[in-house]
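Consider the two complexes below, in which chain A is the common component and chain B and chain C are the respective partners.
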Partner chain A sequence: MDINNYREIFIEEAKDNIKIFNSALLKFEKDPFDLTPVNDIFRAAHTLKGMAATMGYDKMTEFTHSLEDILDNIRNGTLKADKEIIGLLFKGVDIIEKFLENIAQNNLDTAEGYEILINKYKEYTKSGAIKLPDEINTKESLKEEEQELKIEEIILNEAQKQNLNVFTIKIILAEDCVFKNVRVFMVNRNLSEKGEVIKSFPSAKDLEEGKFGNTFYIAYITKLKAEEVEKLIYKIAEIKKVEINEIKKDSKEKNKTEEKQIDTLNLNLEKQKILSQSVRVNIEKLDILLNLVGELVITKIRLDQISKDKQFEILKDTVNEFDRIINELQAEVTQVRMLPVNNIFERFPRIARDLAVEEGKEVETEIIGGDIEIDRTVLEEINEPLLHLIRNSVAHGIEKPEERISKGKGKKGIIKLSAKRERNSIIIEVSDDGKGIDVLKVRKKALEMKILSEEKIKNMTDEEIVNIIALPGFSTMDKADKIAGRGVGVDVVKTKIEALGGIFKIENYPGEGVKFILKLPLTLAIIQALLVKASGNIYALPVIHTLETLEINIKSIKLIQGKKVIVLRDEVIAVFSLSELLKKKREEKDIIQIVIVEVRDKKIALEVDEVIGQQEIAIKSLGEFLKYAKGFSGVTILGDGKISLILDLQALLDEQNKF
Partner chain B sequence: MKTALIVDDTKFMRNMLKSILTKKGINIIAEASNGREAVEKYKEFNPDLVTMDIIMPEVDGIQAVKEIIKINPDAKIIMCSAMGQQALVIEAIQSGAKDFVIKPFQAARVWEAIDRTFQE
Partner chain C sequence: MEKKVVSFKIKDEEFAFDIMRIVEVIKIKEITEVPTAPLFMEGIINLRGKIIPIIDLRKRFNLESKEKTKESRIIIIELQKNQLAGVIVDEIQKVLNVKKEEILPPPSTLISAGGKYIEAIIKIEERIIVLLNIEKIFTEEEKDDMAQIIKMEEEKIENRTDS
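The block that comes next holds the complex of A and B.
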C-alpha cells in the first residue's frame, strides 16, 4: 500500500481536526469550568494521532500523543486547566499546523519547537508517556509452571465423576501482540462459554495487567475434547501456538485417594476461579443496581407497614429478616460506590504549594481524615469546589511571609483539609490560618456593588456579612487577580454544594483565618428524610437540613416588623408555614408543630400540620416535565405506595422571595 | 463475496481500511462516520462484517456495538483501537465485539482478525 496516495486526504482531514481543536479550545478558554469542549479537543487530538501514526509520521505521533495525555488529565479532572495550560494547548495547535505545512511542502515529519512543548506537557502529566509494563521475566521455568498448575486431587476426582476433561493449556501469543491482556481476556471469554478456567500461570492479576512474556498457561475443565478446545482458542487472532495437555488421574494416587473420597464436596466450592479476581463494572450499571436497591427499600417499608397494620404475627419475623438483609445489601452496594476522599485530596498540597509560589507565599497543606469514604459521584462533584476554596485560601487568606512574621505567626501558612463522618453526612472543612475575611471591606464593597439593598446590608451582623462573599458576582478584588478571580467565586462553590443536597458554611475568625465547611450527604440515591404533612399531603425533608422538631402554642409566635418569629433558647427564629410556602391554605390550630431547619446558614422554624417521622427514602428524579418545578429536588415513593415530593427548602424560600 | 460496513469518523481511516479489506476480496457496501449512522447502516445493509472505530462524535463505537448486537447477536464486529485503549477494547468485547485491530493498521493483522472471526 503506497502511503503517499493518502497524504492529501490526510492533510485535508487533519486540517478539519485542527479547526475542531481550535474552536473547542476557544470555548474552553471562556469557561474553564465546563469540561465539555475538552472532549472535542481530546477527540481531535486522538484522531490526529491515529492518522499521523498510520502515515508513519513518528514525530507528529509523539507530539499528538503527549497532547492527548495532557488533555486526558484535564478531561478526567486530575489536571486543572489554568491560563498557562490553555496557552500551551494553543501553542500545540500551532505546532500541529507547522507539522502539516512541512508534510505538505516537503513531506518532512517535523515542526520547530515540538520537543520543547512535549517536555512542557510532560511536566503536567504524571507519567509522560504510556507506561510499559516492567521488564518481565520471560524465562519460562517449566517446573514453576507445573507447580502452579497442579490440580488438586479432589478436583480431578470430581471431574472424572462428572465425565469432564481437565486440561493444562500452554498459549503462545504473537511476538508483536499489543494488547496482551485483551487477548487473555478473549481466551477466557471463549473458554468460559464451554467450561471453566480454574487456574492460570502467571497469576490472574499479572495476566490482567499484561505482566507476562508471550506465553501463559491455564488449567481448564470442560466437556470438550482437546481438539475442540484448541479450535476454540485459535478463533482468536494473534494466538501463535496452543499446546494442550490432558490431565489424567495417576492410577497409584487413585488408590490412595479413593478411600477418602468426599462425595459431598461440591466441585464449585473447591475451584479457584482465578481469571476474574476483579471485575470492571460500568458506573451506570452500579447506578441501576443502586436504583433497584432503592426500590427494594421502598418495598421493605411497605411490607413493614402492612405487617404492622394487619397484625400478621407470622409475618413479623420474616419482615425483620428481610429488613436486615436489605439493609446489608444497601450498605454493600453503597460501599461499592465509595471512594476515599484522598482520591482528590492528595493533589491539593501540590496545587496549593504551586499557587503559593506564584504569589510569593509559603503554604503547607495538612490532610486529616483522607481515608473517609464518600460516594464517587459526590466526590467527583466536589473536586472543583474544593480546588476553588484552596485557591481562595492561598490568594486571599494566607499572608505574605513578612506580614505573617510581623503578626507573630509562623512563616508558612497552614491550610487544613479535613474530612469526617457525622451520622449520614460527611463534613469536609477547608481552613487556613490567614488574615480572615475583612468584614469592613466586604461591607463597603457590598454597598458599592449594590449587591443587596443598603438597608439590608446595614442591618446585617458580621456573620451575615461574611456570607455575602458567597453571593453571585461578589469580589473584593479590584482587578481580576490571577488565581481566584477568574469570574467565578465562592458562589459557584455554594451553588454546587447545595445542588448536591449539602450545606455550605463560612466561619470567619478575623486575623486568624477562615473555615469553609461543606456538609454533604453520604450518597445521593438513598437518604434519611423527615416526613411531614401539610395541607393533606406528605412531604419529605432531607434530614441533613433539619435540626429539631417541637410543638408550640400559637401564642408563642410573636410579630417583629410584621414577620412571624419564635424565640427558642434566646434565639429569634423566623416562622414560615409550609402550606403557605406551597401556596396552599394553612390550617388554623392552637398547638402547632414546628421543624427547625437550617437553610443558607440560617435557622428557620417551619410550621407543618404534622411531623410523621424519620425514614429512609430513595430519591427519584422528577422526570422531564417536572424538572423545572421550583422547590422540589425529587420525589420518593412511600411505604403505602403514595408519592411524596422531596422539598428543596432553599429553592422554595427563594421562590417566595422571603429570604 | 463477503460484505463489510466500515465505521470511522475520518475518511482517511476509512480509505485505509477500504483498501485493506478490498484486497482481501471483501465488498464494502457501506461506510459510517459515527455510531448512530453505523447502527442505521447496519440495519439497512445487514453486512457480514463491521469494522468499528471506538472514539467517535455523538454515539461512540461501544454504544454502537451494543445496539448492533441487540439487532443481531451474531454480528461480526471488529474494533479498531488506538494504543492505550485496552480498557475500552475489553468493554467492547464484553459488549459483543468479536475481535480488535490496532491503529496504525497492518494489513496482515486485519486479515488475520477477519479470517479468525469468520472461522467456524
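The block that comes next holds the complex of A and C.
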C-alpha cells in the first residue's frame, strides 16, 4: 500500500502525542522538581520520533531525536530544567506542530526554524551530558527483534491486573527441519491453549509462509510459569532450543512504546480481551449513518402515528419494540460522534500561559468536566469562540501580578474552563478572577461610539450594559493591542453560538471577575422540538429555547407604548404573534396559546394558533440557496411526510427589526 | 453534434431545458411554503427524504399564476454542487433532438415571457422554442437589482432634503 494512505493516521496519532506532550510539560513547568511528567513527555517525543522515522520524514526524525536527547538528560538528572529550557521545550512542541502542518498540507517534511532549535538543544546536551553520543546511539539501536517485540505498557498493566505473566520467547528450530511453518503452527497452537500469543518476529505472515531462518521470536501472555511454557514448547518435535525471558512491569522503562504495526498470529483469534480494539472511521461515513438514523426516526414516528390512528392492536407491541431499538440505535450512533470536550480544552492552558507570559501576567487554567462529551461538529465550531474568550480573559480580565497582590488576590490569575451536561444541552463556562467588566467605562465608550442611542444607553441597567460588549465593533481598549481588543471577539463568539442554536450569556462581578456562559445543544442532527401551528402550517421550535407554554385570555394582554405585553409572575413579557412574524394574517381569538421562549437572554411570549406537542426531530439543511430565507434554521419531515420548518426566532425577530 | 432538450409549455409559449440537467419529472405534490423566501420561490417539497426548493416559472416570468391542472409537472433539475431544485411548468411536451445549426442566439427583436433567462433559441420546422438558462432562473439578481434601485432612490430623496 502507498505510504500516503498512512499519512492521515500518522497526523492524527501525532496530534494525540502533542497533546500529551503539552499537558505534561505544563505540569512540569508548575513543579520542575517532580520528574514524573518528564517521563510522559519523553515517551511522547519518542513515539513521535518513531512514527516520523517509519513515515520517512527524516528532518522531523532528526528534530524529535534532539528533543529526546535533551529530555533524556533532564530525566537522568544531568541537566537541570530552568525556565529557559522549559521555554525551549515549549518551542519544540510548536516546531513539531509546524512539521505536522506542512506534512498535512503539502507533504513537506520541514518546519521553519527547526535547525536553529536543534543547535540550541545540542548546546545543552553537550555541556550537560555525561553520556557520550556513541553510548546514546548504541542505546537507540536495540536489536531488531527486541524492537519488534516491545510490549505496550497498557498490556503489561492489564496482564498484571489479571495475574498473568508476559514472556518473550526465542525459539530455535532444528537445522534439518523441513516444514518450519508447521512447527510454528504447532508452537502457536500449543501455546494458545494456555494463553495468548500477542506478537511475533518475523511477522505472522512470514512465519506462516516459512520465510525465516531457524529462529523466531514471540511474545506470550499466560498464567503458566516460565518452566511450564518451556515444557510445553519442547513437546513439539524438531525444536532445538527455547529461551524464555519474562517481562516485568518494573522494567517498563526499557519498553518505550513503539507504535509499529505487528500482526498478531492470526490463528487463535477468539480471545483478544487484552488488546483494545478500535477502528478509525471517516467522519463522512458517520454523517451518512447519522442521516440514515434520522430517516429511521422519521419513519418510526410515522409508524407510531399510523398504529395510533388505525387502532391496530397487534401492531402496538411491534411498534413499541421498534421504537425501543431505534432509540437505542440513535443513542449509539450519536454517541459515536461524541468527543470529550478535553479534545479542545487541553490546548487552552498552554495558549493561556503563552499569552500571559507575553503580557507579563501569570495565569493558571483549571479544567473541570473535561470528559463531558459533545457532538464533534459542535466541538469543532466552538473551538474558535472559546479561544476568543480565553484571550479576552487573559488580556482584559486578569490583572498584572503586582496589581493582584495589592488587591489581596493571589499572584496567579485563575481561568476556569468548565463543562457540564444539563438535560439535552451542554453548558460551557469560561470564568476568570480578574477585574471584571468596568460598567462605567463600557457605558462611556458606548456613548462615544454611538453604538446605541443615548436615551437607550441611559436607561439600561448594569447587566444590560455588560451585554454591549457583545455588540459588533465594540471595544473598550483605546488602541488595538496584540491579543484582543480589536473589537472583534465577544460579538463573534455570540454570533457563532447563536448560529449553533445555542445561548450566550455574560455574568459580571465587578472586581472579582467575569463568567461567560455558553449553552449548546448536545448534537446538531436530532433535537427535541415543540411543534406549533400558525396560519395552517406546522413549525418546529427547538426545546432548548422554550421555557413554558400557557393559555391566556386576550384580555390579559396589555399595551405598553403601543407594544403588546403580558404580565407573568410579576414579569413583563413582550408578545409577538408567530403568524405576524411570518407576515401572515393573525387569527383573532379570545383564548390564545402562548409559548414562552428565551431569545437573547430575554423572554418573549410567542402567540401561536395551536401547541401540538413535543417530539424529536431530525434536522435537514435548508439547502444552498434557501439561505436567504431568513428565520429558519432548517427543516424536518414529520410523521405524515409533511415538511415542517424549524424556527430561528432570533433571526426572525432581527428580520423584523423588532428587537 | 446533437443536443437533447426537454420542451414544456408555459402559457402558450414553448420552452426547453437541456436534458443533461434534468434529474426527473414528477407530478405536483404538496408544497410547503417558506414565508420569508423570495416571492418567486413557491416553497419546498419532500422528495423521498430530500428537501427540494421549488420555483414557479409563471411567477418567475411575472405571468398570472394559474391553478395547477393534472398536466402540471415539477421538473427536478440539478444545479451546481449537487443541489437539486424543482421548476413548476404547465405541461411537458416532449424530448427533442436538436442539431447544432438549429440552435441560434436570441434575436433582439424576440418577445418572450422568458425575458432575461434565455440562453438560446431553437428553431425546428418553423417552431420556436426558448432554451432557458437554469442558473439565471435560480439566482436572485432581480430582487437585488430592485433593492439597489430602491436604495438609490432613497438616497436621492435624502440628499434633496439635506440641501
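Heads up, the rule we're going with is that the second predicted complex is superposed on the first by the 381 of 659 C-alpha atoms of A that agree within 3 Å, B and C clash if a C-alpha of one lies under 4 Å from a C-alpha of the other, contacts with A are read in each partner's own complex, and residues count from 1 in each chain.
Throughout what follows, a residue touches a chain if its C-beta (ideal position, glycine included) is under 8 Å from a C-beta of that chain, and two chains touch if they have at least 3 such contacts.
For clarity, every value in this text was computed on a predicted model and none was experimentally measured.
Trainee: Given the touch rule stated above, what does A:585 touch, chain B (first), chain C (second), both, or neither?
Mentor: neither
Trainee: A:53 in the overlay: touching chain B, chain C, both, or neither? Say first, second, both or neither.
Mentor: The first partner, chain B, only.
Trainee: For A:642 in the superposed arrangement: first (chain B), second (chain C), both or neither?
Mentor: Second partner only, chain C.
Trainee: Would you check which partner chain A:225 touches, where first means chain B only, second means chain C only, and both and neither mean what they say?
Mentor: After superposition on chain A, A:225 lies in contact with neither partner.
Trainee: Just chain B (first), just chain C (second), both, or neither: which does A:185 touch?
Mentor: A:185 sits against chain B, while chain C stays out of touch.
Trainee: Kindly classify A:13 by the partners it touches after superposition: chain B alone (first), chain C alone (second), both, or neither?
Mentor: After superposing on A, A:13 lies in contact with chain B but is clear of chain C.
Trainee: Quick check for you: in the superposed arrangement, does A:238 touch first (chain B), second (chain C), both or neither?
Mentor: In the superposition, A:238 contacts chain B only.
Trainee: Can you pull the chain A residues that chain B and chain C both touch?
Mentor: Shared contact residues on chain A (touching chain B in one complex, chain C in the other): none at all.
Trainee: Under the definition above, what is the set of chain A residues touching chain B in their complex?
Mentor: Listed in rising order, the residues of chain A that touch chain B are 1, 6, 9-10, 13, 17, 40, 43, 46-47, 49-51, 53-56, 130, 178-179, 181-182, 185-186, 189, 210, 234-238, 280, 282.
Trainee: Would you pull the chain C residues touching chain A in the complex into a rising list?
Mentor: Residues 30, 32-38, 41, 44-46, 49, 51-53, 79, 81, 83, 85, 138, 140.
Trainee: Show which residues of chain A lie in contact with chain C when the two form their complex.
Mentor: Its residues touching chain C are 295, 298, 537, 582-584, 620-626, 628-632, 635, 637, 641-645, 652, 655.
Trainee: In the complex, go through chain B and note every residue touching chain A.
Mentor: That would be residues 9-13, 15-16, 19-20, 55-57, 81-84, 86-87, 89-91, 93, 99-105, 107, 109, 112-113, 116-117, 119 of chain B.
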